[in-house]
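Here you go, one structure.
Going by the order they are written in, the chains are A, B, C and D; count residues from 1 in each one.
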Amino acid sequence: MAEVTYIDAIREAQHDLLEKDERVFIYGQDVGKFGGAFKATQGLQEKFPGRVIDAPISEDAMIAMAVGAAVEGMRPIIEMQFADFSSVGFNQLVNNAGTHFYRTGVPVPITVRLPSGGTAGSGPFHSQMMEAIYAHYPGLVVVTPATVADAYAMLMESAALDDPVLYCEHKFLYRWLKADTMKGDPLPIGQARIVHPGKHATVVAYSAMVHEALRAAEELATEGWEIEVVDLRSVKPLDTDTVMASVARTGRLLAVGEAFPWGGVTAEVISRVASEGFHLLDAPPQRINARDTPVPYHPNLWRAHRPTLESIQAAIRNLLSL
Amino acid sequence: MPEVETQHAQVGAAESWEDRVRRTFRAMVTAYTLESKLSSLYKAGKIVGGVYIGRGQEALSGALGACLRRGQDIFFPLIRDQAGRTAFGETLLDATRTYLGSVLGPMRGRDGNIHRGRPREGLPAMISHLGGGVATVSGMLMARRMQGSLGTAVGATCAGDGATSTGAFHEGLNLAAVEHLPMVIVIANNQYAYSTPTERQFACRSLVDRAVGYGMAGHEVDGTDMLACLEVLGSAVEAARAGKGPQMVVASLLRLSGHGEHDDAAYVPESVRQSPLGRDCMTVAETQMTEGGFATAGEIAAWREQAAEDVQAAVATAQQEPGPDPFRDDWNAYATPGFREQT
Amino acid sequence: MAEVTYIDAIREAQHDLLEKDERVFIYGQDVGKFGGAFKATQGLQEKFPGRVIDAPISEDAMIAMAVGAAVEGMRPIIEMQFADFSSVGFNQLVNNAGTHFYRTGVPVPITVRLPSGGTAGSGPFHSQMMEAIYAHYPGLVVVTPATVADAYAMLMESAALDDPVLYCEHKFLYRWLKADTMKGDPLPIGQARIVHPGKHATVVAYSAMVHEALRAAEELATEGWEIEVVDLRSVKPLDTDTVMASVARTGRLLAVGEAFPWGGVTAEVISRVASEGFHLLDAPPQRINARDTPVPYHPNLWRAHRPTLESIQAAIRNLLSL
Amino acid sequence: MPEVETQHAQVGAAESWEDRVRRTFRAMVTAYTLESKLSSLYKAGKIVGGVYIGRGQEALSGALGACLRRGQDIFFPLIRDQAGRTAFGETLLDATRTYLGSVLGPMRGRDGNIHRGRPREGLPAMISHLGGGVATVSGMLMARRMQGSLGTAVGATCAGDGATSTGAFHEGLNLAAVEHLPMVIVIANNQYAYSTPTERQFACRSLVDRAVGYGMAGHEVDGTDMLACLEVLGSAVEAARAGKGPQMVVASLLRLSGHGEHDDAAYVPESVRQSPLGRDCMTVAETQMTEGGFATAGEIAAWREQAAEDVQAAVATAQQEPGPDPFRDDWNAYATPGFREQT
């Protein structure tokens, strides 16, 4: 069986959406003939003429345009060239797309693809994780697929939802992550998945960190530790129930995120578990994030900036000792 | 109360010049009457937040609304576009309900004052952040073009002199031009952005000089002159309809009120008020109506009376209606069932 | 003695800064002759000609301009007309100002004033609390003065810091909050203050919510409950030590914020206490935030959207019962 | 290694036309040499992230840098401005250290490639988000004006055709115009933004048509012609120096490389490559040097050799230097002591 990568799944989902739903179109810089900076739209303009459209370098207008198109019944998929550049579309995302349904009763089903996260050498402006920023605002859905199958299924579902979705795809996974098929057994957006069962501690992760957490769990398994790894899949809505049920089994929680440490997904996860599942905890819930500096360029620094197999493992060991 | 008489253009129906002039003027009178009432209500503490009126801009805004066809065209109004809204066919009740926070209004008390619309009826609801309207309307038009339903529809949107400084406005204009969309972008240069005079806002001779830089046609008009506005906007709208791409119209006038009704606009020097920019378009228009034979003084008086009655009725209705009830509101920002935060 | 309001203190601090430090200038829409939308700069242009400058409606450029001016040794104070409009200056704030020192070694001492928070009738776009958004990013200092004296002292200190500061001033407090003097006994930015001592529970609040929390504490005092109220003062840096010391005394924690519920200050506070002070807690830490919708226009909805005396009191009672 | 020979203009020192032409050409040669080397290093896997070069834009960029005076003027370069950096006086070591991640470079391994600068020496370090440079330089100039130290300093910044679509660029141009700042804004219309051709980026005849809309002077130049660039940029810089406000210069040329060295630019049609836009400014300049009597073929060959030596030395030095050590880095984004998060 042929291997498919995470980016293949993203491309394929867009292909299938264009094929199945005539309301879908794609808008973004260089998405047309060129097929996008990461080739996520390769070949699509040729196959679906007029529906894969090159945008000027105008992120604010791109989002506003998508909101307008959605009002008129379309389901735009907007590609940001890098998640980092959505900062200039931030206002339209949080204040126009995010408020539209609540204010007017008219939903705006737009999907904004955010190529997120670091790869060595990408530096401060091509490496950011922006999920926490968007999840803070009402009205936005924020998903963070970690597997090839989720990359496919969650993009399909994102475009089908009536709400604006920030689809945070991790650049590190694009070509590194491979699977036999992109058709997994899908869960709906809003449900987390236990990707590694265990009973000694729960590690909650999302996006690329799921794989680091899994590796840590596997290594610790050789020492007899059974670590349960939960892949959040979407950070808003956040599936508190699955996390809580896991902590109920393990009594210990580590939340792992690749974003900056102040606030964000790990704070939200710990805060929920501490508030609503305090009695389930046998030890202080822990978290590990990237460092509180811009994402550094040099691979030496970059590797030490984000959580790694080693630092996650150390954090789990510490958690088990508490 | 009886539904207010429809003042907007019918799709398909040809309209004579005289009819359009009359319709514009009546919308101006209605807007003027409504806004005077809203201002009083605000000053009496009956409206919270703020009231933003279009005094001095009734001709420009009304003329734009009158050139558009409800049910086909798109109108993205800004804060001084009561006359345009009325001419486009927004009901007075939509306005009074939103200002007075009626739960029966289009915004259900969730948003207020000029932050209202009916997006699916070609009347998007602005957010406060200035400049984004152009791109939003562009998206609406592009959607229709993809759907094959664009026909001869036109999208129109307004901006003040101040809004032209936003990055959003620039990006939208450029996008509209690249997509060659049937749009009319009206810039009301009313000499001030809140208290800021134009010389602190831009350094070009006229904002119309920006049109060429986007590759779009530019038009200038005296915004105090109703007939001139109707002519210039009429031809801009027709040019857009005819596939000539986005049209920029820059009108010169003066805001004849404060920025909002809390503001006395003391920063506007008497010399500016006395200049031709400070002409009251309502007075100019009234003269144009009678001297041009569009209406007699008697007809105008009757229209005023009708407007007063309609406004009174719309205010009374909205005032009797309930505000939103926090215990019954679903507090849900998501259209997808089950996505609401349980907080 | 004459009364001074919170907005008086903000104006006075700017006056004193202009007077004492020739590197300070003010830039913002309508800040000049008009004195600003909230009159925070009234009279300053006249007194300090050339140093209080009206800006075009260009928030992105305003922040970029400030960064440039700071590089050249100035200490700009930027007034956003409303915090909500900083969303269009977001990119320059987080990606230029926030990264500048780390990347180049050159500090950019800019102070950005954000008129924040709700008043009845202000609606979705003139009511936002944006502290969590900025605190998430490295390199930015985020302060949230709750008193007249802090409004003064913290603005003075903000302008003196070498880092970019988001000075979140609460519009509700502008004229409502009065004091005999604006010269309090100042604490440095980064230190929280215990504003009401107690032993049964700790309520951590900031900005306008400090006053709601205080009223709740005072009412509960009549029933014999001694509630300790901590005013964070700055949310980044966040004074974990003071919060932890308080929880050590009380064993119970409620975090109160006026921002949207996902993430944010309350999540960060609870997360830190749960991680580092788990053993201090006698009950699950709780939090209360605004609701997860845009801030509604109508006063009925607005009052039910944010935490109030009543809802905070109820939350404290609940906490005491756990 | 010996410090590279200074190639920039001295403040105050009058420079002959011939000297400036020679200095420009030498900077072009140096930049060309450096960038060829960087490209090889990237392809050999010795540079991570990416390499972005200015092939085809050496004349434009070099001419701009040569018209500025280090120690007085401000230069905010963009991604294709190696020649301008060199002409302005940035050392080769700053470039190689940043690309190779040396901890001794100006960015200390924290940022890379073209994201480098020495802000306090008039050379700000770009962020990736396009368009913000104009406003940043405006702030620098306004600061000096307030400090009374502006003198005859000029600020220059560059943008590509694509960057003109950003809201940030618009806001910056407008701000600079309102403040009447001594600025030169150079737009390198190299026909593509990454793969996007200009017809998907703007709809005006020429981007220079935007100047009038900001109330600034506009200039056009053939960006493949070094002498023309020097003339047009020279007079733009002088006009800005003379207090005539911001000057916009739009150059036409073609990017003679991929967007980055990972990109083969297969989307550029052969017809465009063969058009006058596709002329190689290096070849044109060499002819101009010899035919205009600015240099002999021998001198040029010597300069090339010198450039190769200098580049080799700068690369070798940077390669021998340590990268940043995560255990020694202070991981501190705050200048204020004690504000670092303890994570």
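Heads up, the rule we're going with is that a residue touches a chain if its C-beta (ideal position, glycine included) is under 8 Å from a C-beta of that chain, and two chains touch if they have at least 3 such contacts.
For clarity, every value in this text was computed on a predicted model and none was experimentally measured.
Most remote from chain D, judged by the distance between CA-atom centroids, is B. If each chain is reduced to the centroid of its CA atoms, chain C and chain D end up 40 Å from each other. If each chain is reduced to the centroid of its CA atoms, chain A and chain D end up 36 Å from each other. Annotation: 45 Å between the Cα-based centres of chain B and chain D. Look at where the CA atoms of chain A average out and do the same for chain C: the two points lie 30 Å apart. Residue positions 107, 110-111, 115, 127-129, 131, 165-168, 171, 174, 178, 200-202, 332-333, 341 of chain B are each in touch with at least two other chains. Shown for chain C are the residues that touch two or more other chains, namely 55-56, 58, 60-61, 84, 87-88, 91, 95, 98-99, 102-103, 124-125, 138-139, 262, 291-294. The touch graph of the protein chains shown is complete. Taken together, the chain C residues at the contact with chain B in this complex read 29-30, 32-34, 37, 54-58, 60-61, 82, 84-85, 87-88, 120-126, 261-262, 289, 291-294, 296-301, 303-304.
Those residues of chain B that touch chain C in the shared complex are 48-50, 101, 107, 109-113, 115, 127-131, 162-163, 165-168, 193-196, 200-202, 267, 323-327, 329, 331-333, 340-341, 343.
Partner chain B is touched in their complex by these residues of chain D: 131, 165-171, 174, 177-178, 180, 199-205, 207, 209-216, 245.
Contact residues of chain C toward chain D in the complex are 25, 50-51, 55-56, 58, 60-62, 64-74, 76, 88, 91-92, 95-96, 98-107, 109, 138-139, 141, 161-163, 190, 237. The touching residues of chain D, when paired with chain C in their complex, are 106-108, 110-111, 115, 117-120, 124-125, 127-129, 132, 134-144, 146-147, 167-168, 171-172, 174-175, 178, 332-336, 338-339, 341.
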